[in-house]
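First chain A sits with chain B, and in the next complex the same chain sits with chain C.
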Partner chain A sequence: MKKSVFINGIGVVTTQGVWRAEFFSEVRVLDHAITPADQPSYKGLISPGAIRRMSRGMKMGIYAAQQALAEASVTIPDAIVTGTGLGCSEDSDKFLRSLWENEEQFLTPTSFIQSTHNTVAAQIALQLQCKGYNVTYVNGGISFESALLDALLLLQTGEEEHVLLGGVDEIAEQTYAFLQAAGYIKADGIQETVKNNVSPGVNYAEGAQFFSMGASRMTSSYAEMIDVTLQNELEVSETASFLQDFLVANNFRPEDIDAVILGYNGDEKDDLFYNALQQELPLATPLYYKHLSGQYDSCSAFGLAAAAFVLKYQTVPPILYWNEKNPPKTTWKNILLYNQYKGKDHSLVVVRAC
Partner chain B sequence: MTALKEELKRQIIDVLNLEDITPADIQDDEALFGEGLGLDSIDALELIVLMDKTYGIKLSDPKKGRDIFQSIETMATYISENRTK
Partner chain C sequence: MTDRGVAVTGIGIISSIGETVEENLQALLAGKHGLSRIANFPTRLQEHIWVGEIKRTNEELSDSLGLSLPHAFTRTALLGAYAARQAVESAELRDAHDLRTGFISSTSVGGMDYTERYGPTYLNSPEWHRYISSHPAGDSSHKIAQHLGIKGLVTTVSTACSSAANAMMMGARLIRSGRLDRVIVGGTDALSKFTINGFHTLMILSDAPCQPFDEHRKGLNLGEGAAYLVLESEESIQRQDKHVLAYLAGYGNANDAFHQTASSENGEGAFLAMQKALAIAQLAPQAIDYVNAHGTATPNNDLSEGRAMQRIFKGNVPLFSSTKPFTGHTLAAAGAIEAVYSILALQQGVVPPNLHFNTPMEELDLIPETTGQHRSLSHVLSNSFGFGGNCSSLIFSKA
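Entry: the complex of A and B
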């Protein structure tokens, strides 16, 4: 029999700052092509000797991980599972730039060592002296959900008791310049929001979101994690059956879903998928979050934090409402999250109040 | 030699990203590794690359590195005697 899985602690470093009770009441809507995360002070958390080599992604990851573990009163988790689309791209940028500028000579070791995708999870393990299972998933827009699936399996099967789950992506100057040149990111100087989107591309950002997942419910628990499903490619016309299969597998009817958190990012083509899914859930309140998080491969973890917040505090911060379709609700029991990017990497996640 | 020592201090701070440290904080005879500045083995590799890139000195014998990288003083002496750039 499957064991229940709970979100017992959350930690984030995002464009909206770090996780706190007032998180969603102090947010601002992003309107720049690239918005860096609001960095906290890392002094006292990371030794000066270690911090000088760390990129922003590493520092953000360590901070968010510590915050999530502290809230759940977990000192050392049994496993660390993370998801990242581009990994430590700042160090990759640095290493490749030096390779180019120095004609493949004088290559320094630090940026090379730290350019791997699993650097954040490894640094967290070193920091915590955690010698358990340590895996990083790199699967584009479903990197975080892939990690979530692994964490869920580890806990549901009883293999582990506490799993630290995270999603991290950082801004790297050259990599983001390439994404801008390819039209994925809006051009510099354009000020548009998710809802006021005219020019090509979307607003990008960076962030680290960590969750202390446990097999036992605690006083700090936010929600119960029910299930996740992944699909690499999907036509808009297949969205309904993708949803239906997931709901049936988990014994849900469409009317059981109180809110659906959608990954609207301003891209009209992406909207088609979200609109199609929304139509299948006429009684669910549509919410969104990428106007606050910005787009990056693991940004759906921000959406999960939003879902957990709503379920724990039984209130929806007004900034999360997608439209005026807000049927009056006093309780929020089941929340579904749907994310995809450019018609690929589709994921459905369902969480329940506990 | 004094100019070279100052240049070395600035380069080390820059290459090793030594936050909150200025050239004035590093004494010429202070140990770079261990007790002194607290550098480690990865820093040693960075210093080897620095010597090669900036001064044209290739260090192939790691044992030599121990003596050369003792302090700013020893580094500056070795560089001034062996530099090709």
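Entry: the complex of A and C
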């Protein structure tokens, strides 16, 4: 018998600041090629020396993790599972540049040490003295969902009680410049939003999103995590059966889904997948979030935070509506999330009010 | 799922001691190491370090995979595809659409080898732009999955030098949970300037062939390679009447939570990982016949791992050896390469020798197996530890 799994706490550091009750009422729509996170003060949480030494991703991750754990009143989780598409790019960039500039001489180890993809999860474990299960997934747009799948397995089987789950990606100047050169990120100076997108590329950003996942429902609980599925490749014509299989496996009918959160990011080709899926769920209210989060591999975790918010407070912040007119709904029970990137790394996640 | 664990039905490997399972086995039996000076790319460290380099160019690997040009396979993806294809062939995986097949790979360098080569040109010329999207770690997994024709659950683990062990563990758990019927698991890492210089700055590279568990060990040798296992559910095996090579009976993951790169003095993370693996396998420590140690030959690792082994086996440490003097430390791939060696040890009834061992460590009464003893083995434990305190242990049992 599978155990139920709940989202008991949330912490984020994003372009919209840190997690708080007013999070979605104080948001602004992103309209720059690259938007850095609005970072909090790390004083008191991280030592001054470490604040200087640590990359953005490490600091954002430690902060968001602490916020998520505190909300769920968990001091030390049993396991830490994270996902990141690009890992610790800031330190990778730094080490790589000095390798080029000094032709393999006069190198120092700090940026190499901090460049491994598992650095954020490791630093959180070190900070919390958490000796439990610790894994980092690195697989583009499903990096976070891979971690989510692992966390679900740990909790559904009863192996663990409290799992800290996170998704982190950071802006690194050189890495993002390369992504710009390759056309993934819009050119500097262009001001477009997800909705009025015309030029190639999409708006990128960064963020850390953590969830305190538990096997027991608490007063702080946001929602019940039902399931997740991952798929490396899919044709637009296959989205319907991909969805159908997932709904059937979880005993859902299409009409059970009250809202569908889609990963619209402004890319016309990506839109085709979301449009196709939306057509299969005509009664579900379409919502989106990448106009607020920006694109980065683990940004789908921002979408999950939005779903959790809607289910807990039983209200949809107007900024999340994809369409201008929406059928009136007063209760939100089941929310489906669909994300993919350039036709790869498709994921479906379903969460339920608890 | 059985009490014995998750079945392994296929293995594939490429390392500096061989490009097939058979070549690797023969090198292990003959005590023939694969260390040399770097030849595939120029580096200032060329004359200063020994590496476990595979003497095949990217073009040769690409040709042998039958890839059409131009492509954007990095060396990590090429090595991975090479080994994964062998694993799939050895398992005689037939195209069965009613069987859910997944692929869980792992890597630490990803496409860094091409980024370090062509990165300086990216902002001035579009010539090599196709390698920009090959940089992220997950890209190699996509390319390998595509090469194998796998559509489904594909993902990548990256926990530094314990990556492949965690990929294998996740695969086994996905089979046990009933989410997959079969899954190809393992890891791949190519040598790069980035990693050799990184380890060089940490001053843990030896200028001589490495000597795990020796009092005078001077550090590690880096290597490259890839290895994959095919794991299948009991139902999948019965339906296809499959031959089982070994069982992945236990797995454990813990964090040392001590330091970003150094291991704790008493090997707490390693101890916890081995303890968990034994619990999952439902085995007493005495049931382990051989430990394929992480044994990188850094002063810190071998002492910490040695202490952890003494703690878990209560002074009665079974036969153990590190195979890193053969292959070098292949980072993310190490866990998978050593899983293949552990399975070969079970199948052949032989303990691979720990090369270059002369003098026992002063702190510990531990002597690795150096002669390549033949004896019947039932359960083998394999350790993989990485930066960030990530410690993992796997237990393989005889089929």
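To be clear about the criterion, the second predicted complex is superposed on the first by the 353 of 354 C-alpha atoms of A that agree within 3 Å, B and C clash if a C-alpha of one lies under 4 Å from a C-alpha of the other, contacts with A are read in each partner's own complex, and residues count from 1 in each chain.
Just so we're on the same page, a contact is a pair of C-beta atoms (placed from the backbone, for glycine too) under 8 Å apart; a residue touches a chain by one contact, two chains touch by 3 or more.
Note that the coordinates shown come from a computational prediction; the quantities given were computed from them, not determined experimentally.
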| item | value |
| --- | --- |
| Contact breadth on chain A, by residue count: chain C or chain B | C |
| Partner chain in contact with A:Arg53 - chain B first, chain C second, else both or neither | first |
| Which of chain B and chain C A:Leu230 touches, first, second, both or neither | second |
| First (chain B), second (chain C), both or neither touched by A:Cys130 | second |
| Contacts of A:Pro318 with chain B and chain C, given as first, second, both or neither | neither |
| Which superposed partner A:Ile142 touches (first chain B, second chain C, both, neither) | second |
| First (chain B), second (chain C), both or neither touched by A:Thr108 | both |
| Doubly contacted chain A residues - partners chain C and chain B | 105, 107-109, 113 |
| Chain A-facing residues of chain B, complex | 15-20, 38, 40, 42, 45-46, 49, 52-53 |
| Residue ranges of chain A touching chain C (in the complex, touch as defined) | 80, 85-87, 92, 95-96, 99-100, 103-105, 107-109, 112-119, 121-123, 125-126, 128-140, 142-143, 146, 150, 153, 156-157, 174-175, 177-179, 181-182, 184, 229-233, 297, 344-345 |
| Residues of chain C that touch chain A when the two form their complex | 43-45, 103, 108, 110, 112, 115-116, 119-120, 122-123, 126, 129, 132-133, 135-139, 141-142, 145-146, 150-160, 166, 170, 173-174, 177, 193-194, 197-198, 200-202, 253-261, 268-269, 272, 386-390 |
| Contact set on chain A toward chain B in their complex | 48-49, 51-53, 102, 105-110, 113 |
